[in-house]
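Heads up, the next two complexes both have chain A, just with different partners, chain B and then chain C.
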Partner chain A sequence: MIKRVIGQLGCVAALIVLGVTAEAHQLNVFASTDCTTVLVEAKFSTGRRPISGDVQFIDGEDKVLATGTLNDDGTLRVPWTDLDTSTGLLITVSTGAHKDFWIMTPEDIAKKCQS
Partner chain B sequence: MSRVFLASLVASATVAWPLQAHYGMIIPSDPMISQEDGRSVDLTMSFSHPFEHDGMVLERPAAFTVTHEGETVDLLGSLSEATVMDETGFTLTYDLERPGTYVFAMEPEPYWEPDEDAFIIHYTKTYVSAYGDDEGWDTELGLKTEIVPLSKPFALWERNVFQGIVKLDGAAVPFAEVEVEFFNEGAAATAPDELMITQTVKADENGVFTYAPPGAGWWGFAALNTADYTLPQDSEDKHVELGAVIWVHFEDWTGQ
Partner chain C sequence: MPKLTLWAAGLFVLYGGLFLHPDVARSEEHPRVVAVNYALSYFAERLGPDEIEVDFPVPDGIDPSFWRPGIADISAIQSADLILLNGAGFSTWTTKASLPRSRIVDTSRGFSDHFIQTETVTHSHGADGEHSHTGLASYTWLDQDLAILQAEAVAAALETRGLVDADLLASRLKGLIGDLQALDDAATDLANIAQSWVLIATHPRYQYLAEAYGLNIRYLEWEAGSAPSEGQLAELRDLVAKTGAKVLLWEDNPPPNARADVRALGLAEMVFPTLAQRVEEDYVEQFGRSINELSSLLRGVIQ
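Here is the complex of A and B:
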């Protein structure tokens, strides 16, 4: 299931990230939720945090639900109520030269929010 | 004496008196879990002669932990008994909640080896990265004895060198002896001589050793030292062999 959902959202992600060359300072994106907010965390492979970056929250039907900008510590919090998470979330971060994404599957969300 | 008869005698003797190196083992389902792989890792713990794929009984360990972002969690109660290489071992599925490197470590109960007239305790560990983040790959756990990686202990191509520092009680062990053995799953690898089953390298004066495996797969490195204490067996004090074991996976080279 997780691979199928990631596959669907990953197609969108692949299109977004496509064309980005592999950099030595790779960007890694992770997102989690406490069901109140979604916390996006971005970090370079060096351990340093990007001081800014464009964030998009996209649903499973390729619809942009929300956008934002990373804080100078490489994080962004978005209220849970701003997002329709029923089809999962694709969260993309672009710092310009570096891009990455995290996929929050419906399973990830159910595990945290429906227990 | 014919060669066939001699070979037959040798084969019988080898079966009766195995001389292989013992290894504690922690083998993850994947040393690098990406978000596409899922949100957990499966671990298999055993005690074996890994090249021969010859299992031995692993008693429930004295300790089993995971360390991530500086925090160590006791997982001993989460281990499930399982049959591994036809003997008792353990399995565990562990949820990877966040990115970074997870270090799984096992301290077994002392194993009495009558052939060596000594106990064996192999402090065993392996490193698993989650979601593309390798932070923490060089974590030192502070075990009684351990190999602290100088090469990232995952994301290695076959024939890359692996380097580590052998430590005992927190100090580097000059010229420590390190045994190296391949986990021969599927028994595809054969050894032209028993000296090729367990290879041996020595550390330098700073406790640093280097090894480059000939092929992909799981490779175990065991730095062996004698403890500064003894344990009783049959009313006698017996030596204790302390092993610092690390399991490292090397990936198939995909280029030409």
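Here is the complex of A and C:
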């Protein structure tokens, strides 16, 4: 009986610790392109990488161009040809509890891909 | 020959008219300076009123700490001649896009050893969605000594880039520092008036004000400009019982019934704008007014 109570207290303590941990980190997103693919990289501020997450590629007129899911290493590659980048890209990542974004302007893209 | 003279006169009128048109003159002749909060945009406007165009791109009603710019906003910011950052973790959007390093100035970099650490809390409220209070207090300019250092950093950036004449800049900086020093002097008396009484603020924004002027402030996590829920009012009631607090500071104007609910708990209350966002009065007038109002409020309830 005592063991069971101790076990239950342990579970409660673990949940509290996990709850605190969940509050104490945030998601950071970065995206880059080599003009053949767009690479999205997501990482928590703790250094840990999310094992899944929903990714959206949105243009300068708020139109969703493509969606995808993070790989278990926190990255996603999308072929450049799948995206109309003429008005820039807003890339959002949501892991459920955490969200973040990265913005690539038409100027960023032109500097990289039209030089 | 007369024909040529007429053509020359025509061209003169055409180009002269173009240059004299205020919109054209603004866009073609004035370097553009972007500031991430109202405080910095005010400093820049005071330092280069005629020479630069100051752009504070965050729309009214949006919290500049957690503004999410659009692609066009970032394009406009990237093309500015100077981008004034607050530093200390303020305006998280500045880390969500590529900004030209050579045109960025972090105005608090010189006093990073004075940054105040806070507990990191990630939470969600309003249309801004989830956000974190990152572990550093960001509203540095509420300590007027630090505001002076930030104004000096803005002036140095304008001078280094040749955007404003050095002599004019020195004279204007002296005037601005004089005004900020006067605000600092006025606020210094707050500690004597408040003694050790606890103040409560609706959002964790006033750490540098508290540190500089000896105030003991406890923080809630209420959304700016909104009425508190029943649960939040209960939390406030508990905090008042625990601390004996008599004054509550709102970050932004709440609905009238919310102010009445707070007063019903025996608290005196006032709006103390943080000056991260534009206000009706200018920075110096508003901060001076807030200090005077807080002094009067504290005298009324404590002494």
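Throughout what follows, the second predicted complex is superposed on the first by the 92 of 115 C-alpha atoms of A that agree within 3 Å, B and C clash if a C-alpha of one lies under 4 Å from a C-alpha of the other, contacts with A are read in each partner's own complex, and residues count from 1 in each chain.
Convention: contacts are C-beta pairs under 8 Å (C-beta built on N, C-alpha and C of every residue); 3 or more make two chains touch, one makes a residue touch a chain.
Computed from a predicted model, the values in this text were never measured in an experiment.
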Chain C versus chain B, contacts on chain A by residue: C
First, second, both or neither for A:Arg48, with chain B first and chain C second: neither
Partner chain(s) touched by A:Ile103 [first = chain B, second = chain C, both, neither]: both
Partner chain(s) touched by A:Lys63 [first = chain B, second = chain C, both, neither]: neither
Touched partner set for A:Gly88, first chain B, second chain C, both or neither: second
Touching both chain B and chain C, residues of chain A: 26, 28, 100, 102-103, 108
Residues of chain C touching chain A in the complex: 68-72, 74-75, 78-79, 95-98, 120-123, 129-130, 132, 134
Residue ranges of chain A in contact with chain B within the complex: 2-3, 6, 10, 26, 28, 30, 32, 43, 45, 47, 100, 102-103, 108
For the chain A and chain C complex, residues of the former touching the latter: 22-26, 28-29, 59-60, 87-90, 97-108
Chain B residues within the chain A interface of the complex: 35-36, 38-39, 97-99, 131-135
